[in-house]
Every structure is written in structure tokens, then in C-alpha cells.
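Residue numbering begins at 1 within each chain, and the chains themselves are lettered A, B, C, D, E and F in the order written.
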Amino acid sequence: MDPKTGLTHFDEQGQAIMVDVSGKQETFRTAIATGRIAVNQAVYTAIEQGTARKGDVLGVARVAAIMAAKATSSVIPLCHPLPIAKCSVDFELLPDECAVKATATVKVTGQTGVEMEALHAVSVALLTIYDMCKAIDKRMEIQQIHLDRKSGGKSGEFVR
Amino acid sequence: MDPKTGLTHFDEQGQAIMVDVSGKQETFRTAIATGRIAVNQAVYTAIEQGTARKGDVLGVARVAAIMAAKATSSVIPLCHPLPIAKCSVDFELLPDECAVKATATVKVTGQTGVEMEALHAVSVALLTIYDMCKAIDKRMEIQQIHLDRKSGGKSGEFVR
Amino acid sequence: MDPKTGLTHFDEQGQAIMVDVSGKQETFRTAIATGRIAVNQAVYTAIEQGTARKGDVLGVARVAAIMAAKATSSVIPLCHPLPIAKCSVDFELLPDECAVKATATVKVTGQTGVEMEALHAVSVALLTIYDMCKAIDKRMEIQQIHLDRKSGGKSGEFVR
Amino acid sequence: MDPKTGLTHFDEQGQAIMVDVSGKQETFRTAIATGRIAVNQAVYTAIEQGTARKGDVLGVARVAAIMAAKATSSVIPLCHPLPIAKCSVDFELLPDECAVKATATVKVTGQTGVEMEALHAVSVALLTIYDMCKAIDKRMEIQQIHLDRKSGGKSGEFVR
Amino acid sequence: MDPKTGLTHFDEQGQAIMVDVSGKQETFRTAIATGRIAVNQAVYTAIEQGTARKGDVLGVARVAAIMAAKATSSVIPLCHPLPIAKCSVDFELLPDECAVKATATVKVTGQTGVEMEALHAVSVALLTIYDMCKAIDKRMEIQQIHLDRKSGGKSGEFVR
Amino acid sequence: MDPKTGLTHFDEQGQAIMVDVSGKQETFRTAIATGRIAVNQAVYTAIEQGTARKGDVLGVARVAAIMAAKATSSVIPLCHPLPIAKCSVDFELLPDECAVKATATVKVTGQTGVEMEALHAVSVALLTIYDMCKAIDKRMEIQQIHLDRKSGGKSGEFVR
């Protein structure tokens, strides 16, 4: 950690490093992240209908998100590789807001937490929805991606 | 395209497909996407100072974002592989909002556009900032990821 | 090509090489590959019901297959990277054989064909079905993966 | 697990999930999978001769297969990442059938089994043989990919 | 390009960017890179014998190198994705120096050169030799990795 | 291990295999590797100035190297996947030699060592420096990549 800033991913010379977790215990850790994508009415309807029919935008987004959770340490430079033990992705249609909310839950028994895995999964879920619907609405916006809660490890429980 | 919904990534049986772009001309296409991450004051200061000193959060985020732009078709299921010709990522500090704004500009000469590459780059830039600062602030939120503009291809120019 | 064996992926010293396609014209090429997986009755029913309900084994297998088509040159050592222009994956239930048949169609405008992309997509589609159903039937068998047809390039049309 | 179908990769709403293995013990697990590729006489001879000379089709296929075993969780959507402890790939020439048989043996100490790693390795071995010989025979067929045996974990020993 | 330093991978603010090659013509480009690994006598003998027998260190290294050439833009941050048209890797035993020399030749028709693909292939070839022989000699050293020659593109021919 | 040559990555038939580490204890292991790149004066100055200004060649090289350490088992065929616990990359300017030295330190608690991770990280750090400076000097040379020291595991401590 760089004492001047409190940033853990930098050493005292300010150089980027992977935090040394070799001395840490392997414990059970979990993280839940959410985010949403605001869409227009045509897209909202297409997604809503897709969940009943074959054109399953959310089904494709879910698969992409789970694969992304596993790939997180290949994408985020200073993230540690982790043997993800569980990953589920849920979607909630928000008709009043004409939006879709994504929630990713990730669990591992490891030396460090899975917050980035959960956040990355949510991001990719929403990006996939965008990709599949962009022919209808280029003005979609991904919003409010944040960590809802995490547990395990030295910093213990966190609820936003 | 599925005529009932207008979604292009599904055929008439509603099955997910990669859109057939083999008949399309290779033309010059560009896309610009933006997004931001809202942080607390301690993180804002650490990032701001980092741009002057060695602890360069934004420098690491920029590299991750450019690499992510290139990897987009491996992450978003129905995206086409594209030989990205250019990618740049810019950051803007927003002191009044205690936030950092990321902008990704991508160019290609190809059969389809680079909107997903730009959006994915922005997402990974912001996720990387989150990863590097999460020890100080777990409440950060990624917001307003959207396509600013695109040009080229059949649908031509789009400005949000 | 090694003249003694006729194998193109080896030079005259018999060393493995990527075939030099730099002198070849970029033309339109397509390939269709099929294969099947033989399953027990319980799995067959679960898959069949899944295509009507939310538990969509084939939907997940389709996404995995399309992503695999794009990743082929990273998996098969001497394959050339290709900008896949189109990929679709279809499934057919074969009740008399208690099996599921997968068909992958791939298109590109490039200097070499997409037979491996189509075959790899079929393989991964069937492997994914296996993964999702193996709790019910460990005796499943993947069979008859072959190239159905291809067109384009110097060797022109091939129909099995 | 979805109680209606018995499929473990779906929850009760039928949504695809990575099975939660966080509560499982890390035990020693092994899996052996086999498959074959039927070829014409010219290809059979080229492969047979290659195992004595420099043009080593099977050598290249072996390397591809081992690398594929390690990459399995990046290819099969709901597969768990596993720290593969051992992987070997053997080939057997079957002159009467004019075919080549591939066997992959994989071992790990982990929370879940390595059946998919072994099956994926066999698939890629056979696909690589196809790729290296397709200039001579486009009619080759990959057949009989199945799990031979596995041990370890809650379901214990399985022999086909 | 940053005018103050002449570095092309930085813009005027000194920020890292992928060079914009969208305006460049697609031309035929080639690059040849070499390097060597110095080993002890026991390793030299094992490699030399391997080229005659089944234990083919160089064969495995060759496959790894060709795959690495294709993966270069995923490893080197500001490298452009390129559809590699040809890649071959040759080894030369240097008995007087107790070393092995690797040469990678790469070709493409594209908007930018393949120097990094050739250098990366050589690096991975030598790293693979190290990996396969390190049980016998931990003191091996990789040396003299450089670009031998390149042709094509605006800067034309270069011979070291 | 092949008893005739002492090479561990081959079995008795001389076939390449991943060494079976399933019986080995998980212990703490570390490895340090170094290498250098010789450059001309203009490049040396650009790098030296970059460490003070925004144009940070070494910063980009560091990120690439850390990401490469994590990707090692995907690049080196017979390497085992390892959950890297720590990775740092340091650079030292050598004015008398007009060169830059890179040092990678990697740690893990696992069944096998991290020598290849450290060597691969150094190699990619130097390749990235080459990529970023090649417009100024095509004659750069990567040299002296070797393992400095390792500890842990059955072979214990090694210092070059």
C-alpha cells in the first residue's frame, strides 16, 4: 500500500502492483453487485416478450455475464486469479423506469474477495443487452453499477 | 432479424445469431462512448494526485481499457471480430461531481461498427478505477455509460 | 506442403507451419458442420422441455458454440485468424435416436476457409449439452462430427 | 438444481447458473475420456508415418489438447475454473478401422470434477488432427467422444 | 505521436494510445525475428536427441510460438489485431555455443507490420524450451532477441 | 519424467505431458527473474523522461507484464494453472549500458513453482518496451532473461 494515498495497488514508489495475498487465509467470500440499463419502450417490450419466447436477450446476457465473472482476472490488470465457486445472474424488469436491473452473486473460497468478479459480470450482462438491442435504440444507458454487499475476509461484512 | 421484435441478433425462430455482415462493404467506422464513476473525496484526491505522481490509477485504467476494446468480440457473444485500427481513452476529472469521466474513441475499417468496443473499453476503464481504489471506498458507483456518437455504415451518423 | 505426405501444415523438413495464405484472394467462403450427442431418455426429455421453458440447455449451448467459432484460431494451433462474418447454430431433436443434432453455419470473406470454425462450434455446442446434463447421464456420447459442405476458395464446392 | 428436470445447472426458475461448489471439500478427482477420428487411407498413412518422422500430426494435436484442457472453463459456460494438476493425451492407431483414437487423462485436487476438461481435450485433439489433414480428406468424421471413467467427489467412481 | 519524444504510442498529452492506422493502405508485410537460449550440456544433448526421438522439445516450442504469434495483440497493450497470414518457426542447434537459436517468420496483408508477432513468437519459443528443460538446468538464459529484418509499409525494408 | 533424458515434461514414451503435481503439498513458492533491453540513446532518453512525465513507457510495460504473469499457463503449453498471489515488476535504468533492466517477483501458495510466470512477465515487459519505442529504434535487443532466484518446493532454494 502507498501510505500517502492509501491506495493498496501501489507500493511506496507509487508503482502498480498486485497486492500480496500469499499470507492471507483462504476463507469463504461472497459479493453481490447490481446495475441497470435504461431503454426505450420498444426495447423494453422486446426484452419482456423475449423472456417468454425464444428470443431470449436476458438468457444470452446471463451466459455472457457468467463467463465474464470467470475471466475477470484476465481483464482487470491487478486482480488476482480466483477459482470461482459459484456465480448466478438475475434480472428484474423495472416497468416504471423502463429499465432492466441485473444482479450478480459470486462466491469463492480464496485469499481475496470477489467484488470485481460480481461488478464485471453485471457490466458484461448490461453490455450484452445493449449489443442485442442497439438496432432498435442507440440511446440506451448503463447506470448505477455498484457493489451491493460483500462478506468474508479481513474487512468483513459490507452493505451499501 | 426477428420481424416481430425488430431485434437483429435473432432469426425468425427467435434463436440468437451473429448478424450476417458478409454482404456489407468495408467502410470507415468510428464510435465514441463515455461513462463516469462517482467516488468519495479521498479517492478523488488519490486519483488527482496520481496523475501528477507515479501512482497512476488512470494510466493503468487506460491500458486495461485499450486491451478490453481489442477483446470485445471474445466477451460479448454475438459481436463480430474486428481489426481495431485505433483506440484512445481519455479521462476528465469532474471536481464538482467528485467523479471521473472516461471517453473511449475507436476506429476501424470493417463490415460493422465499433460501438461495443467503445462501450466495453469505457466499462473496463471504470471497473479498473474501482478495483484500484476499492480499499478506500466500496461505495463507488459506475454511471451513465452510453454511446456519444458513431459514424459510418448503413445507419450513418448518430449523435446522442 | 510436405510433398511426401501431402500434408499442407508441414514444410519439406516436416516441421509444423501455418500455411502461407498471403498470396490468396479474399473471397466469400462458407462452411456447414454437423454432429450429434446421444443421450438417455431423462436427458432427452429435460432438453425437449427446456426448449419450451426457461431451462434452456440448447440456448446456452448455442451461445457457447458461437463464441467458440470466434475463438477457433486460439485453440487449433495452425488455424488462421479470421474475421467471422456470420455464425448460426441450429439444433434438431431426434426422438427415434434419443439424440440431439447440432448444425453450425459459418461465413467469412477471407483468404482461407471456415471449416474449422464450423467444426469447433459444433464440438463446443455438444460439449456444453454434455456439461449441462451430466448430472443425469454420464454415458452420453458425442458422435458424427463432420463437415457437411463448404464453398469458396480454390478447392471450391464440397458436399459430403 | 431444478427439481422438475434434475438438471443441476439451472435453479428453480430454470435460469442457468454455475453450481455452487463452495461448500464442497477439496478432494482428489480424475477423469479419462476417449474419442476417435475416422480417416481415409492416405491420411492414416500420413499420420502413421508422422509418428516416426518429423511431420508429427499427433504431436501437435497433443499440445493443442493439453492447452485446451486448461482452457475448458473459458469455453464451457457453466464450468468451474480448476487448477489442473495433470493432463496427458495418448493416441492409438486403429488400422482395422482406419482411425485414430485419443485418450485424455486429467487430475485435480478441487471442489469439482474434471470430466469436461478430459472431454474437451479429446475434442480438440481430434479437431487438430482434422485441421492438419483436411487438405487430403474432407470426409473425416469425429466419433464416440465419451467419458470412460471418473473417480472422486460425491458421486464417486464411474466406469462406462 | 508525441513530438517531444518521437514515441508514436503516445499523443501530445503523453497518454498511451493505439496508433491510428485506419488511413493506411493494406499492404504485404513480413518480419523475421531471432533469439537464442544458452543451456548446459545435459540440456543441449536432451534437445538434440529429442529432435530425432519422440521427446520433441522443439516441436512443442514451435507450436507454442505459432499460437503466441496469433495472440500477440492480446498480450502487448498497444499492438493492433492482425489476421496473420503465415507463421513459421525454425530452430538451429549451435553446438559451439551450447545454445539453441529460434527464428520466427511472420507475414500479413494489413495496415501495420508484424514485428511484434515475430518477436513474441521467438520469446515464447525460448520460454517453452526453458519450461521443458528447467528440471535439468535452472541457469539457462534467453539472449539476443531482436528483429532481423522487416519489409513492407511506409518505413519499407529494414535489415539489422 | 523420461529417464533417458531427465526431462520431466515427457513420459517414458517421450510424449509431452503436464507433470503430475496432484500428490504435492501446497507450499509457499516465490521466483524472481530479470532481463534487459539494450536501446539507442534516443530511446533511452525518451524512457527516462517518460518516468517523470505522462509518456510512461515503463508504466505500460509494467501492466502488460503483470497481466502476462497471470496468463502464463495459457501461453506455455505444459505449465500448470496457478492462483498467483502476488506479482510486482520493477525497472532499473542502466545509463552506462544504455539499457533498461526489468525484474519480476512472483509468489504463490501452490503445488508447483512460479519460475515461468516470472520469466514470462519479464519477457512481456521487455517486448512492450520494444513495441512502444520501435518507431525510434528497430535495432533494440532483448538480453539476459534468466531466473535470478526461487524458493519453496522440493528443490528448495536456488540462487543463480
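By definition in this document, a residue touches a chain if its C-beta (ideal position, glycine included) is under 8 Å from a C-beta of that chain, and two chains touch if they have at least 3 such contacts.
Computed from a prediction, not measured in an experiment: that's the story for all the values here.
Touching chain B and chain E at once are the following chains: C, F.
In summary, the pair chain B and chain F forms a contact in which both copies contribute largely the same residue numbers, shared numbers making up over half of all those used. Distance from the chain A centre to the chain B centre is 15 Å, each centre being the mean of its Cα atoms. Taking the mean of the C-alpha atoms as each chain's centre, chain A and chain C sit 31 Å apart. For chain A, the set of residues that touch two or more other chains comprises 15-16, 56, 59-60, 63-64, 67, 71, 77-78, 81-83.
Taken as a graph of touching chains, this assembly fits none of the simple shapes: it is neither a line, a ring, a star nor a complete graph.
Here the touching chains pair up as A-B, A-C, A-D, A-F, B-C, B-E, B-F, C-D, C-E, D-E, D-F, E-F. Contacts from chain C toward chain D in the complex involve residues 1-2, 4-10, 13-16, 35, 42, 45-46, 49-50, 53-57, 60, 63-64, 67-68, 71, 75-79, 115-116, 119-120, 123-124, 126-128, 130-136, 138-147, 150, 158, 160. On the side of chain A, the complex with chain D involves touching residues 28, 59, 62-63, 66-67, 70-71, 81-90, 107-109. Only residues 11, 15-22, 73-74, 77-78, 80-83, 110-111 of chain E touch chain B when the two sit together in their complex. Within the complex formed with chain C, the chain A residues making contact are 56, 59-60, 63-64, 67.
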